[in-house]
């Protein structure tokens, strides 16, 4: 898209977000909405600022962050590796492709109670649940990444006498890069989702548990500030990784 | 409407666009008339604006200045009762049968089922596809699909049939066969036809009159009468008369024009 | 042996293995249950679970209806012009990436702990993928079809409904598939978090009491729900889906 047109799009998006923020603020302040149920955005932001300097809240943030990082660090290499293996071997793909599809379509959240039964409500069940949730998304991405390498390139490279290492490093990796980054992004999203849900369901710490607690205590201002933090952080992460993904895609000459 | 009057009258039609580098004039004061029941073809190089002219006459695009009337009616929007249009791609709806595609303009107008069926049957017979009424577009060949499109174009009894390079995507043999088909359909339907093409032979073989256009800016540079006898037959394709006309057009297009 | 026959045989074999391991004491019954425990749970609490199944089913269906209709209307409306489409497509796909589950307590505070908050949350989950798919679907269609429809006298409404939406149907249907699966996941999650009824609620309830048979009974019912929805939507996809239309267009 041309430079001049894209600023209109960006401007439009900024407009939409600002309009929503203004609507929220106006609705709460004007009495359109009960300010106990929907505190104004400004008040929520002020509370968020306070929370970010509160030791207990920061402790929760650290717990959640740690769980997300741990699950992410495990599931992404594991999932991508499994995906690559399936992509490389037609036999394995045929054997495991079906069960993989099946497990993908299952609502895995329903198994969280079993994880809690087995592991209790400590950190383990949350991390393991997040890993399971993200695994079945990352594996197909790894598989797709392998399949996305244009076979013609590999054949040409071999004809030119490239070694195995060169083919992997110079052809496979750059070709698969956008999809790998895509897998990383999806893995992160599903890990965040898994951790937050598991914290809300059964946990002794973490932002999710605080969110649920504030909701039950009807403390809407604290609840909404934590919600804003989680959603804002996820948007920031998602957009950043997506920018990298798009750049890799255009570099490869693939349509975004 | 008395016989011999003009169905299409275009007066000083101009189409220009503002672009980053200035004004681009696609059509510069184009005027033409198309007499009733005649077959007129428009031929010219790429970029001469012949498709734009077709769009303006069909009411799909507005002219910047100038006016077009069809059957005395000023054209500023599509007029499906007066004008039928056949595009280069048949653009048949893939989920509808041939019959349903032909009926579609009538269905949009809310005509009762029996009337629609009868009219569609009539037109499918005219284009020689009675046996394929229930077939779907993906089951028909390119030529057959275009014939369905022609039937659809004629379904509302329009005075004028506009055809914008309808055979350009067909292979040569199918194309030649379609010429004979089209001439038969034309004489059966008695519509007036305005036919845009970039094939010189096609322009001459089908028409009573050929309008030759040039580009930059788009304009009509010559009006040639085709005095080949009707009905046309395919062996005329090799005749010196057709060859001479073709050469004349070629020179007009190839040489720089004032 | 057909593929279905083979799958059913494998299913039975796994069930038998599960029961065997339980009887042999190899698996902790508290954690892993067994087919016999599930059967016992069904006999004891079958009524409650069937009622819960109905509640969950109702929530899912209502949420689906809102998400499907709302998503298609909004997606088609936005997709009608290029600039709004470009502005909103990334916003919609951005929202899909969010852990919307954090909004559920807000909905409970506003709408209560009953079915309404779950239907709302489920509908929110399903709305965005449906809207995005409808938007992309409408944008991707060949604009010449709309021009042809104008030429034959179709009104703007007729063009959108009879031509554009029908052409975008394969994309819309794939969006419906994703949307529905998100609705089901959202409804179940919400029932597990704050509820008074529904399969998610009863699964959690029995987990706290270590009634493993009931827990697995509930899980099985949820899986059945998901499977049924999957089958229905796959049929829909086969009827209107991409492959069929491509085959028709290619000819």
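Chains: A, B and C, in written order; residue numbering restarts at 1 for each.
Following the convention adopted for this analysis, contacts are C-beta pairs under 8 Å (C-beta built on N, C-alpha and C of every residue); 3 or more make two chains touch, one makes a residue touch a chain.
Every value quoted in this text rests on a predicted model; they were computed, and no experiment measured them.
The chains other than chain B, kept where they are, remain one piece by touching.
Distance from per-chain Cα centroids to the pooled protein Cα centroid is smallest for C. Taking each chain's centre as the mean of its CA atoms, A is the chain most distant from chain B.
Between the Cα centres of chain A and chain C there is a gap of 20 Å. Measuring from the averaged C-alpha position of chain B to that of chain C gives a distance of 50 Å. Taking the mean of the C-alpha atoms as each chain's centre, chain A and chain B sit 55 Å apart.
Not a single residue position of chain A touches two or more of the other chains.
Every residue of chain C that touches chain A in the complex is listed here, in rising order: 30-31, 83-84, 86-88, 90-91, 94, 97-99, 101-106, 108-110, 181, 184-185, 188-189, 192-194, 199-200, 203-204, 207, 210, 212, 215, 218-219, 222-223, 226, 230. Here chain A touches chain C in the complex through residues 1, 8-9, 12-13, 16, 37, 105-107, 109-114, 116-118, 189, 192-193, 196-197, 200-201, 208, 211-212, 214-216, 218, 220, 223-224, 226-227, 230-231, 234-235, 238-239, going by the rule given at the top. Listed in rising order, the residues of chain C touching chain B in the complex are 144-145, 147-148, 150-155, 158, 162-163, 166, 245, 247-251. Within the complex formed with chain C, the residues of chain B that make contact are 58-60, 78, 80-81, 83, 85, 87, 89, 91, 93-95, 104-105, 108-109, 136-140, 145, 152, 156.
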